[in-house]
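What follows is a set of structures for review.
Next, two complexes with subunit A in common: one pairs it with subunit B, the other with subunit C.
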Partner chain A sequence: MSRILVAEDDPHILRLISMWLQREGHVVFEARNGLAARDLVRAEPVDILVSDINMPGMDGLALIESVIGEGCVRRGVIVLTNRWDHAEIRDRLADWGVTVLPKPFSPSRLSEVVESLAAGRPTTARMAPPPVSERGAC
Partner chain B sequence: MWRNGLLPEALSLGFVVFAFVGLAAAYLVCDRGWRGQARSVEQSATETLARTWAALLASRGDADQAPGELLGECVRGVPYLRRVQWTAPDGSIAFEWPRPLALVVGLAERPASGTSATGPAPLVATAAVSAPGGANLGLLTVEREMPAADGRTFLLITWGAAAGFVLFAFAVFHQRLRRHLRPAAAIEHSLTSYAAGIEKELLTLTLSDSLGAAARGWNQLIEQLAAMQREQETGRAGDATGNVLARFENAVFRRVLDRLPFGVLCITPEQRVSYANGAAATLLGRSLNEMVHRPVSMAIHNPAVQQGIAGVQAGSGSGMSVDQSTGQGDQETTLRFRVLPAPAPPAGGDAVVTVEDISQLRESQRARDNFLYHVTHELRTPLTNIHAYAETLTQPGFDDEQTRKECYNVLISETRRLSRLVEDILSISQLEVGTARLDVGEVELARLVRQMVQDSLGTADEKKIDLTLSLPPKLPKIKGDKQRLSVLLNNLIGNAVKYTPENGKVHVSVELEGQRILISVRDTGIGIAPEAQPHVFEKFYRAADDAVQMLPGTGLGLALAREVARLHGGDILLESERGKGSTFTVELPNSAAAAAEVPER
Partner chain C sequence: MSTQTSASTDQGLLRDLVGGLSVSGDGRTLSVGVVGSAAYASQPPGHCLDACLEGDPGAALMRGCEFLRGALRNAADVAQLCDGKCSKGFRAAAQVTSIAGSPATVVTVEGPLTGGPGRCSPVDLLGRLDDAARLVQRIGQMLEENAGFANEILQNYEQLNLIFDLTQQIANVTDVREIEKVLLERVARLLSSDAVCVVAAEGACRTYFAQPQPDGAVSRGPALNPAELAQAADFVRRTRHVRVAVVGGRQVIAAPLVRLDDKVEVVLADRSAGRGAFSAGDMMLIESVLAFGGQIISNTELHERMHRMLLEVTRALVAAIDKKDHYTSGHSERGGFLTRLTAQELGVPPAQQQTMEWAGLLHDVGKIGIPEEILCKPGKLTPEEWEVVKQHPRMGYEILQPIASLGVILDGVLYHHEYPDGSGYPEGLRGDQIPLVARIVHVVDTFDALTSTRAYRRAYSIERAIEIIRAEEGSRIDTEVAEAFFRALTRYRRENPADFAARFSIGSEKECENACA
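== the complex of A and B ==
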């Protein structure tokens, strides 16, 4: 069982991801935008972050850079995006070892990636250790 | 013929000749005057001499000393004396000097007398010798030479000084004349060299002095001449073929080239521009004079293009294309250079460069890319939902009744959203391109507006929004496309309900105002920020406001609504204050009133 935060502005997708992850027995937190997600994760660190990129307020890229930098996500980050430039996103987040799933995505594929991150198995991405000095932020 | 170039020289020469003639005349007059005066002085001196000696002879007539001896003593040492003769009353010569015997010696002593034949006439004076008693003792004649002209030295010095001054004045005058007439001389020189074929181009003058205007005139003249020359060259090319038709065609081609909307330049193997048309001058920001017959680097600064020209002329390539952008943002201009070989037998090697402004093309490509980006982005959201929920239905863990129902509902609503989106995109594209045709019929506006309000009542009730409608007692039927007008109203009322928080108000009203029908949708919603207001009717525009971004929307509704209003000959006006609400007013022409005024035939 992992603690997972899902940041997604589309209510249907948010609901769907929650349903799937809860079925696997994880504890899921929901956020409709980047700022809400950051506040949640700062209050209590999570194991995995599943985030959209285009969101009102703080976008996914800023959210991920912020929370990983602060060491608030322990195991890994999965990005869901319908933006054309996944390669660019992947490059920008390469240092953090982020898995990018383009939309439309398959919920079962998402589920697989979450399970492998939760089990600590190497996925297509690896989590970089957060800087020690910033661990205290969470 | 007036020859400007020789003007300074002619004027200077005239001045010098005039000055010297004047000086010479002055000298002659002075010399003559002086000579006359000197003669009279010498004459009176001679007369005085004669009188004195006559008196001396008379007074010493009785003395021991012979009068001849006395006179001999007197005349000794007197300058310029030529002859002294005392003639007695009986006609005999009592005394004569020089003595006839000593004449040869005297001649030797006085060489001046030898020149007397050519020199001025001798001065002669006679005086009667009278004894104190009154007795006549004879006549004394004294003859003197005119003394050498000592005084003329002064005159010569004066004359020399005057001549020197004249020369100096001439030098100054000449200098000034040249400076003032230099452009004229330069023009003369330029014309002569040009006519002789030494120079290929006429001189361009740059003057800021009083001759500036003349310089401008001159420069205009060369510009015209250069144009004529180009015209002539085309004609000459025609001559070379010895074909009247070819000459005619050349002139036609030239005119065609001159009027092409894109730039054309001809480059010779020597890397010079042999021809450029007006569009090339405009696009490259230079005048034709600054380009034609000059190195290509003066016209085109792009090294890639220059390399391309060299390559094409060397025969290594069939041409190339280079885009060059200058400026930033809205000011950005992109020029596309195309280099093509234009082999001219036998030596060959001309190159043709075309220049086009492709800024607009770039801009429309960017707009198209932007449109596609937004369209695919908007399509992916419902597609993602449909894909994910459909997959969920196939999974064993989600087979309870409630989950299945939820999945079906999402599938239905997202499919509807997808089809509406596709319809909107199609409509707006057609409306924008102008291929859409209104299906015009009679529309009962009152009924249409009432129906649209009723359709939104359900959503309004969910948010406890007070949605009201006021209609005038009698509303005419108008001519319009009922389907598209309903989309327009639905978008406006739907937006009002969507962007109005719970417990707000939305009021729809229709008014008749002369030739116009005004349909207003007023809400107490979040309002639109002033900076966003000019953009709300743009495609895919959504205000960068969290309150807007949190709500679903494509940014197509208002763009579509305005296109529909405009196609009906109307428009949509917006009044809004952030935090207080917005009013969208649709203005439509009252086609019924218009029809009443212009009765059908």
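== the complex of A and C ==
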């Protein structure tokens, strides 16, 4: 069981992802934009962040950039993107060691990646920022 | 946690609902709760939380209250408690209803905010209870429907994703077998299947995917005996519907893969019983993915068939033209073959090799416009006759030119008698001005002419022909192309001696006898 934060501005997709992950036995927190998500992980760290890219206010890239160095996401970040998103975004995400899954997301693939991250195994992308103790407090 | 970030929205919904049903007024309060549900954590009424449960909604404290204990049991004895009084003197009522498909008990408690018995009519309380029970049940139904819709959407996402992935993977694959492999491997992975095989119309079974078993052995396809296999396959072939069965302790799913000409093959996937049965969702998944995959496979097969047919028609046509000049029988066929061989040696991409083969096949099509008495004249041509023969590249070009899709092929036809030194025809192009395809066809054409018997001479041996061509490298022959051709030819002769002998029955004189009779 992992603590997972889902950041997604589309309420239906958000609900769907969170429902799916809850069914898989995880504790899921929901945020409708980057700022809410950032405040939430700063208040209480999570194991995994699942984030959309395009969100009002603070987008997924800014969110990941701000939380990735703070150690508030212990195991890893998964990003859901449109298949036609720019290569440069994908490159940047790859540099951060973020796992990218295309939308519409494959539920089984999402579960696989979550399990891999939770177990500390590498996913398709390079992964896992150092554990929270090496990063300082959030 | 804020309303925007809730650990469980369904639970929050229930809490909001019972909160909203609770009312205050006239110095008294009526509070509503839901307890005893298998799916949701209990939400005791506000009165109970304040007066007896120290604010803790957990079941342990509730068991200390006779009323709530009865309600938690969901039992008939709740009825006895209806419209009764609880130990604290509050009027309390309970009713069994259902929420999200399982029973739960709705409870209402009524009394003044600060102790003492209230004075409100019993009808009020029970009416409230009925409303609350109905609402809770309705919400329960909605939650259940919601979960159903979510399942449906998740399943669709899975399928859509698979189809996107497949489309991407298959986009550049032109080989039917390869497409089939990609398709079935994905199906196997998605269905957590141990093995996937295809039963062809003829009954033979092709295994595409076999998961290594825990004991190290590799499954050789669904573990069915031939009779069971045939039975499952027959059902699917007849009905074209997916079928799920348990055979020999293993879960088996069988689905149709409709190929070209309405030929139905049956895809069988199995998994060990421990993995659980194939679900309705699995059935839908395999059906839609195979329908999509079957369409792609059929289209690819159709494309291959059309291509083969086109090639055969063209071969027949050029063979007929070759027949006009008895000395050049098989010339065009060999031209196509050798052009491809050379293009391959030169590292030309496969799609272009194909086009170049066409150019080799069609290069002399213009000879159809050359009078037979010139084409087949034994002995030397007069300068005038020679001028007529030299028209054949242009004539070929003009014949084929209306076929817009030929492109590079036209270059090969029009320029296959151009020489690097500029002394060729029809335009006297030089060196790199001559398209590569034309330079290849020219070398191949020259070789085939030298190794064929003509009215005025016997065929040269392959070695002699190579010597003759080498002597002209740089002037009438492109050196790089010619050397590539020799390499390719030598390798082909070494690796496929029988096929080589059949194609190049050098010096056969049978057709010399009555040439142009």
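To be clear about the criterion, the second predicted complex is superposed on the first by the 126 of 138 C-alpha atoms of A that agree within 3 Å, B and C clash if a C-alpha of one lies under 4 Å from a C-alpha of the other, contacts with A are read in each partner's own complex, and residues count from 1 in each chain.
In the analysis below, a contact is a pair of C-beta atoms (placed from the backbone, for glycine too) under 8 Å apart; a residue touches a chain by one contact, two chains touch by 3 or more.
Please read these numbers as outputs of a predicted model, since none were measured by experiment.
In the superposition on chain A, A:40 contacts subunit C only, with no contact to subunit B.
In the superposition on chain A, A:120 contacts neither subunit B nor subunit C. In the superposed pair of complexes, A:108 makes contact with subunit B and with subunit C alike. Look at A:22: by the touch rule set out above, it reaches subunit C but stays clear of subunit B. By the touch criterion stated above, A:9 is placed in contact with subunit B alone, subunit C being left untouched. Of the two partner chains, subunit C is the only one that A:30 touches; subunit B does not reach it.
When the shared chain is aligned, subunit B comes close enough to touch A:82, but subunit C does not. Looking at the shared chain after the overlay, A:69 reaches neither subunit B nor subunit C. Applying the stated touch rule to the two superposed structures, the overlap between the subunit B and subunit C interfaces on subunit A comprises residues 15-16, 19-20, 32, 83, 104-108. Against subunit A, the residues of subunit B that register as touching in their complex are 373, 376-377, 380-381, 383-389, 391-392, 395, 397-398, 403, 406, 410, 414, 546, 549-550, 552. On the subunit C side of its complex with subunit A, the touching residues are 1, 4-9, 147, 150, 153-154, 156-158, 160-162, 164, 190. Those residues of subunit A whose C-beta lies close enough to touch subunit C in the complex are 15-16, 18-20, 22, 27-32, 36, 40, 83, 102, 104-109.
Chain contact summary for the complex, subunit A toward subunit B: residues 9-10, 12-13, 15-16, 19-20, 23, 32-33, 54-57, 82-84, 103-108.
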